[in-house]
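Got a structure here, written out as structure tokens. Questions coming.
Residue numbering begins at 1 within each chain, and the chains themselves are lettered A, B, C, D and E in the order written.
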Amino acid sequence: MKAASMMRMVLMVVLCFGAAAWPARAADRETLLTQPGVYGTFAAFQMDHDWWDLTGEARVIAVSEVKGLVEQFAHKIVIDSYLLRGLSDHADIMFRIHAHALSDTQQFLTSLLGTRFGRHLVATSYLHGLTKQAAYVPGFPEQLKKDLQASSEAGGKSYAIVIPIRKDADWWALDQETRGALMQEHTQAALPYINTVKRKLYHSSGLDDFDFITYFETEKLDEFHRLIRALEQVKEFRHARRFGHPTLLGTVRPLDDILELFAR
Amino acid sequence: MKAASMMRMVLMVVLCFGAAAWPARAADRETLLTQPGVYGTFAAFQMDHDWWDLTGEARVIAVSEVKGLVEQFAHKIVIDSYLLRGLSDHADIMFRIHAHALSDTQQFLTSLLGTRFGRHLVATSYLHGLTKQAAYVPGFPEQLKKDLQASSEAGGKSYAIVIPIRKDADWWALDQETRGALMQEHTQAALPYINTVKRKLYHSSGLDDFDFITYFETEKLDEFHRLIRALEQVKEFRHARRFGHPTLLGTVRPLDDILELFAR
Amino acid sequence: MKAASMMRMVLMVVLCFGAAAWPARAADRETLLTQPGVYGTFAAFQMDHDWWDLTGEARVIAVSEVKGLVEQFAHKIVIDSYLLRGLSDHADIMFRIHAHALSDTQQFLTSLLGTRFGRHLVATSYLHGLTKQAAYVPGFPEQLKKDLQASSEAGGKSYAIVIPIRKDADWWALDQETRGALMQEHTQAALPYINTVKRKLYHSSGLDDFDFITYFETEKLDEFHRLIRALEQVKEFRHARRFGHPTLLGTVRPLDDILELFAR
Amino acid sequence: MKAASMMRMVLMVVLCFGAAAWPARAADRETLLTQPGVYGTFAAFQMDHDWWDLTGEARVIAVSEVKGLVEQFAHKIVIDSYLLRGLSDHADIMFRIHAHALSDTQQFLTSLLGTRFGRHLVATSYLHGLTKQAAYVPGFPEQLKKDLQASSEAGGKSYAIVIPIRKDADWWALDQETRGALMQEHTQAALPYINTVKRKLYHSSGLDDFDFITYFETEKLDEFHRLIRALEQVKEFRHARRFGHPTLLGTVRPLDDILELFAR
Amino acid sequence: MKAASMMRMVLMVVLCFGAAAWPARAADRETLLTQPGVYGTFAAFQMDHDWWDLTGEARVIAVSEVKGLVEQFAHKIVIDSYLLRGLSDHADIMFRIHAHALSDTQQFLTSLLGTRFGRHLVATSYLHGLTKQAAYVPGFPEQLKKDLQASSEAGGKSYAIVIPIRKDADWWALDQETRGALMQEHTQAALPYINTVKRKLYHSSGLDDFDFITYFETEKLDEFHRLIRALEQVKEFRHARRFGHPTLLGTVRPLDDILELFAR
């Protein structure tokens, strides 16, 4: 028990060591998170069962290696971390990585998988998308455009949900105007949730087996559920050939918390 | 053999230790189980084969850790336990967890998976849903409303079945009135089984890959089967794009019984 | 080699020990197998690769434990055993269990999985169904009813095939009379095979992901194949949304033979 | 290195020992391969990773056991062997077994799986079919019948491809004459490839999840590809509900070659 | 740490040893890559977790064996290597192999899988296709033909994407002229990307479960994404029964880089 508490102390030291550097990049982070032309990768992993056969000390050393790696990549990519364990059935951890080039993301993930921690990770879902200027908003009525600018920044955003979508061929065969009208109806249905559910869209045709990755953050999961219900009821939804599969549900967590959970 | 019987005794002591606390929470339990706005999680697990390589003593210690954990969470979540082993092919144990926040459920499941017992569990299905006020009942004829109030509390409810459902886009495109009429037909078909099969509905759009989780408890599985047959014959059933996959079938069991089975 | 032949002898003794009790229950067996309201479970298992790492002696002891278990349950359930190994790709052994309550079946399978033999079994498919009075036969013409009574008991029935079926929503939306007419055509198509292929139907809606489990026994697999071909050509077949997946094919075998195969 | 070369020599001796017996059955082989009413089984296996942890000597002993087994069954079944490794992604070896009874095939495969070699095999696909007299050819024009008799025996047949097919319900609902006309168009499209691609058809409805297994041998894979393209363009192809999944592609190989590959 | 750096040095020597031979075959390479009638195989592999249990020295020796093997086959096949790790979820490495005969490809892959490195590879996807003369281009307008000749060789091509496609039966039922018109629209939509995205088409009907393998190389992933979006919007896309599943995304990498990554 004594050895365990000592290791715990070591772990604390190790995890705190990098804590200062992490929030320091918040500014760049916001820039990268709002620009078009940025690649977003959602990488979900499962921890294999062998991990738990390591000694506590070995686990502490292993997670500390990850901390160092993340700092090393902080100058070119933005990494968000999520705990899926206990909420999604085939994944424990998810990273959302924003980068100007997917090769940077690959370099980070490859390095991660090469750490003593990463060697125990099984990649269960990689989704990639590109941020773009809103395609249909320019054609929306002025009032709707104005409504969309309402801030959704209020409050903490504890839950994150990723729903990838593949549209059917009929959707893509529609002309831009018709799609615009359908998206306006879609947007109107989503409007009541603009302050409680933060949304972000990634375009992924060709980069994975989907056309879009829809990403949500909210503190109020019931509001998020109502938003999805509202979206299921508009005509555009008929064109969702695949919606989810997987649906990834987790909580937004500092990497330190997640690593500590697996080091314990 | 002597060592084994001693361990068995230890196990009994360990399991009984928490037995008093468990039923003591029955009152809160009923409240949580009947309120709208509560999150219900169905978490099914498979025990890995390595579990059985542990010594009997190690298994007894491992399960006792789970008992303590459950008590520790008893003040904020309600946990029901089910034995799926021998009835469902890819799962051994299922927990149904009711909570005001899914983050509490996640905390419990994450803690569970971190125990010596949990490290051997493979999460095979997590389903999440929200309880709501009945959507269509207010528009039903008075007689039907009255019939629905018939108690279904009579007798023990030994079997539990979970059938998740995804509706098709056509369903969501119907107006509320039309859906209400279809649900009235559905409800009427289910009425003869109200006393033998207890039902509970969870709304899950966005929280997993389904729209609803239907949960059943019954002592009479043949009546339950007849209920599902009756529901397959109403028009609303045409809108079930996915029905089951998985269908989870098990028996309602005190956690002690389940743990003892795996400690033996 | 000497040790091996000794173990073989031990195995013989162990397996023969229970042999007397097994056929003694033939009478009850026939009753249970012909009554409506009985639950039939088809449980298919794969042997994991670790099994073969056990010593021959350990394997002999492990299988003898199963024999004892089966006898212990012989007073309430009827167990048929099948060898799927070498004929079905993801299963080695199948049990068909008839019981008045699925909880008895669960108790047996749970006990089985808890034996030293069972710990190496991976459950690949569990299918559950209920036997019922024939639904459409009462409306059939008298001659057809008479034809259906022809005995199909002649000869040994060496092969067994399980094909689970899910009907489409259109099927269930048909009225009883229309379904009856379609089933009469189906039955007529099956008539020529009544003496060579023994059939049994289980209703499974709600108990698993299927609506029916069709079970066949035959000595003449080519006749069985022709029967299925004949059934594919009637109108009712258009309503099979899923037919097979899995199709389980094996041979009817005394449990002793199967256990010996795995003890060797 | 010295030990390795000695083992290699032992392997050579072991493998050559049975080589004489193998081609000696060529005559019976041709008979069985051309009769209707014969069962054909395609059994594809993957070698598990543990196999390579065995010593070279252990592997040599293990494969020699297989040789003996094959000879032992040579009087009642015909076994062809294929190397899928390097061409099909989830299989390394395939056996095609022709037998008058599937129980003989099962006995062989069960024995095979029980050898030290077989314990490392994972069965990935078993397909079973029955050979029959051609169903539609009798109604074909005389010239087409004559064309079909052209020998396709010229040259070695180095590649083998297995494509299982499930037809849709519409196909089976067509009358024999309409199906005959469609099959005539199909046959005509295949005619140009009769000399370069050898075909064989197995009927499998009820025996696995397919209706037909189509088997091809060719030295010219590009001609085979063109044949499939031609068959995709006739009306009958619209009735293929499932075509492939799996498509098994490999090379025809003497068992000795395959065993040596895994013994090395 | 000292031992590690020494091993690193050994690795460098080992990897550099073959470096000279590799680019020396560039000329033959271009010939094989542009001829019709060549077989292209895409073989994606995952490294198993046991690999990382080997000592650093053992890993260095293992990868050096691969280098030698590749050189040995350089006279008859052309091998391109890709790093999928960190970008595709169920694969780490991909080889694209061009050969005049798939038997040569099989011989290489079988040899590769037999190396100490290859024994840790799990084959996740094998796709095979044949290069052909363009089927519809001869019927295109002269201007379009001319546009298609624009060089797409400018700049490095760092990313590679593989999207296999299965067409529906309706596509194959269209006459050549109609398909030609649809392909002309398709080609026109792709034209703006001819300088930034390099494309190559393989015909695979019969060789795997697809009809085509489309292969892309680009430095500008966003342009590639826009190309796919453009192709989704033409009528021909309605005939894609399966598009992707899997979509393989990776970076073009010299084999040395990839091997070093796994030797480290």
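Keep this in mind: a contact is a pair of C-beta atoms (placed from the backbone, for glycine too) under 8 Å apart; a residue touches a chain by one contact, two chains touch by 3 or more.
Computed from a predicted structure; not experimentally measured.
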Chain labels contacting subunit D and also subunit E: none
If subunit B and subunit C share one sequence, what is the angle of the rotation that overlays their CA atoms, in steps of 5 degrees? 70
Type of subunit C:subunit D copy interface by residue overlap (half), same or different: different
Geometric centre distance via CA averages, subunit E-subunit C, whole Å: 47
Rounded Å distance, subunit C centre to subunit D centre (Cα mean): 29
Counting only residues that touch at least two other chains, what does the list for subunit B look like? none
Read round the cycle from subunit A toward subunit E, the chains appear as A, E, D, C, B
Flag every residue of subunit B that touches subunit C in the complex, lowest number first. 49, 52, 83, 85-90, 158-159, 161, 163, 216, 221-222, 224-225, 227-229, 232-233, 235, 237-238, 240, 244-247, 249, 251, 261, 264
Contact set on subunit C toward subunit B in their complex: 37, 39, 43, 48, 50, 101-103, 105-110, 112-114, 119-120, 123-126, 128, 130, 169-170, 172-173, 203-209, 211
